[in-house]
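As written, the chain order gives the labels A, B and C, with residue 1 at the start of each chain.
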Amino acid sequence: MAKPIAVYNDVHKSFGEVEVLKGIDLEIAPAEKVALIGPSGSGKTTIIRMLMTLEQPTSGTIVVDGQYLWHMEKNGELVPANEKHLRQVRGDIGMVFQHFNLFPHMSILENCMVAPINVKGVPKKEARQRSVEMLEKVGLGDKLDDYPSQLSGGQKQRVAMARALVMRPKIMLFDEVTSALDPELVGEVLEVIRDIAREGEMAMVLVTHEMDFARDIADRVVFLDEGRIAEQGTPEQVLENSESERLNSFLSRFRS
Amino acid sequence: MTWNWNYVVESLPAIFQGMWITLGLTIACYLFAMLFGFVWTFVRRIPWRPLQMIIAFIMEFIRSTPPLVQLFFLYYAWPMVPYVGLTLDPITVAIIGLGVHFSTYIAEIYRSGIESIDKGQWEAATALNLSLKDKWTKIILPQAIPPTIPMLGNYLIIMFKEVPLTSTIGVAGMLHMANNFGSKNFAYLEPLTLVAVFFLVMSYPTAVLFRKLEQRMNRRFDKNNPTGKIDKGVVT
Amino acid sequence: MQGINITVTVLIASAVLSYLIAFIAGFGRLSNNIFIRKFTGFYVEVFRGTSLIVQLFWFYYALPGLFDIHLATDFWAAVIAIAMNYGAYMSEIVRGSILSVAKGQREAATALNMSRFQRMRLVILPQAVRMMLPEFGNYLIQMLKATSLVSLVGLTDILYHGDVFRSTHLSLAPTVYILILIFYFILALPLIWLTRWAEKQSSKGVASE
């Protein structure tokens, strides 16, 4: 296996007294597509939020592309990362949220342009071109000057993906990106993710309850249960041929 | 009834002269309050409990004690304070005194604006790796400030009506001029009425303007009431 | 410290009077009678549109010149000025609260076949008053601060005594004013707590929507 793009090393996370992640070890290879499944409250969101630096691990380390994420090395010792370090490592990571979190005061084109211009110093013209391309790719080339409030949920989520993609991250995180959508809009969003996945180069971690979709695009499925990784393997191994009772009873809820 | 139109005309120039001071001072105090409001708002966000509690206490103290006494303190007492004491002219005292007093209210408005922003906005800004400065200037403040504009505007009018307090420390605004003029002639009715009319003529249209603005804002931000109509009706 | 009693008496008298005015003017603006509505509207805009200190001076210096009215004493001139001013502001609270409750509850109350008066007394007012309380509390703190103005028209309140003392003991000025500020703050504290309590109450018993 190639050098992993992200590594979790015995990561624990507690909120107050409650330990919600009880030792996570996970490696993600470059361009690997990982589907993260598990019951609600098992800690899926927390796992990817820690990689996005939105939540700090209580203990353990996370390494992104060879660099510690939440720590930095100083005179051979690991010390907590400062904002400067976080900003540097965070550049490799992008995220799409369950509730889109578009910036309502900006047109969708501006939503896509704000980060490349201000974070990466991309010239305005180029940022614009890249954003337009990306918005066309997600099927919104005709809505550039619309504001988020004028869009449907599915369209909003596609903008959110374009916005993250323009930054060309090495890993993209998707947190139940279809679960806030009306059922008839789920398809268009999954279709776009499928397209992105096919292109290849980028690693993806998808928290999802769409099992067919997971089987379709994932290289590996990880089943999380009560803060631990309970099972992992290829989609066939995990979704069809597992012996685990917990996993099968979880999966049975998605079979109609 | 002793209303005297000639006397009204005589008193006009003095009051006009004072009006410019009153208006200029209103703007100056207001700008100071807006700026100082930012200071409170950001100092309060420093995540250190003791500091937050001290700041909250100081703000509450300033807010719930009379601005008149605060002006007197700055004007009469500050010069006597050991080491840091400084004699200030009345205009400076007015700007600092009223400015700081109202900055505590303005800071509350800023805070409500900032807290009304969904935490997802902060998270999206982090996920895009925006710097702290860009998060504030490009994402948070542009959303937080517009809905507070009508409330901030109200404080401009409130400030305008508080500025005559400074006549007590000798700032020659409208009220001061009217009082002087009145005491010279032992007749206060006309000049004081004139001052009242001036205040009304200037603050009422401004207030109406901000009320309109507020209705339009409500329309933009209230999904339950898309027409933004304020119910003016009679209770039946 | 002298003058405490004046400050407190002025506060209580203005508060009682201003709440009374607020209800009268608030109902006046909701009246079916257009003259009452216009007249109270005019009163409210005039007193909100001019400054309290200007009104105070006007009642004290100018009013006696007109009509030859003397508001009995300095005390009443001051109390009436403060009460008329804050009464005008608070009438807006009264009006707004009644309107917002009435909008949602009118149909339910009509369905119960209540008369207009019953509706107001049994359904609307109890909820509306609860909505008004926190704002009333806030204005009470404002009124406390406003009482400091009465020293300017010769009432011997705490600030007046402080000023007199300061003019003879210049170097003690900082102590004097800090003590006065602390005094006002101590008076304000129960009002602040009362207001917070009212805020909690009001969020409980009002039908939303």
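Convention: contacts are C-beta pairs under 8 Å (C-beta built on N, C-alpha and C of every residue); 3 or more make two chains touch, one makes a residue touch a chain.
Keep in mind the model is a prediction, meaning the values are calculated, not measured.
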* **Most distant chain from chain A by Cα centroid** => C
* If you average all the Cα positions, which chain's own average lands nearest? -> B
* Structure fact -> Most contacts overall join chains B-C
* Structure fact -> Note: chain B sits from chain A at a C-alpha centroid distance in Å of 46
* How many angstrom between the C-alpha centroids of chain C and chain B? -> 20
* Structure fact -> Rounded to the nearest Å, the gap separating the Cα centres of chain A and chain C is 56
* chain A partner contacts - residues on chain B that touch it in the complex -> 118, 120-121, 123-124, 126-132, 134, 138-139, 142-143
* Interfacial residue positions of chain A with respect to chain B in the complex -> 52-54, 83, 87, 90-91, 93-95, 97, 99, 101-105, 114-115, 118-119, 163-164, 167
* Would you tell me which residues of chain B are touching chain C in their complex? => 1-3, 60-61, 64-70, 72-73, 76-78, 80-81, 160-165, 167-168, 175, 179, 182, 187-189, 192-193, 195-196, 199-200, 203-204, 207, 231, 233-236
* **Contact set on chain C toward chain B in their complex** => 30-32, 37, 45-46, 48-55, 57-58, 61-63, 65-67, 98-100, 102-103, 106, 116, 120, 124, 141, 144-149, 152, 159, 163, 166, 170-174, 176-178, 180-181, 184-185, 188-189, 191-192
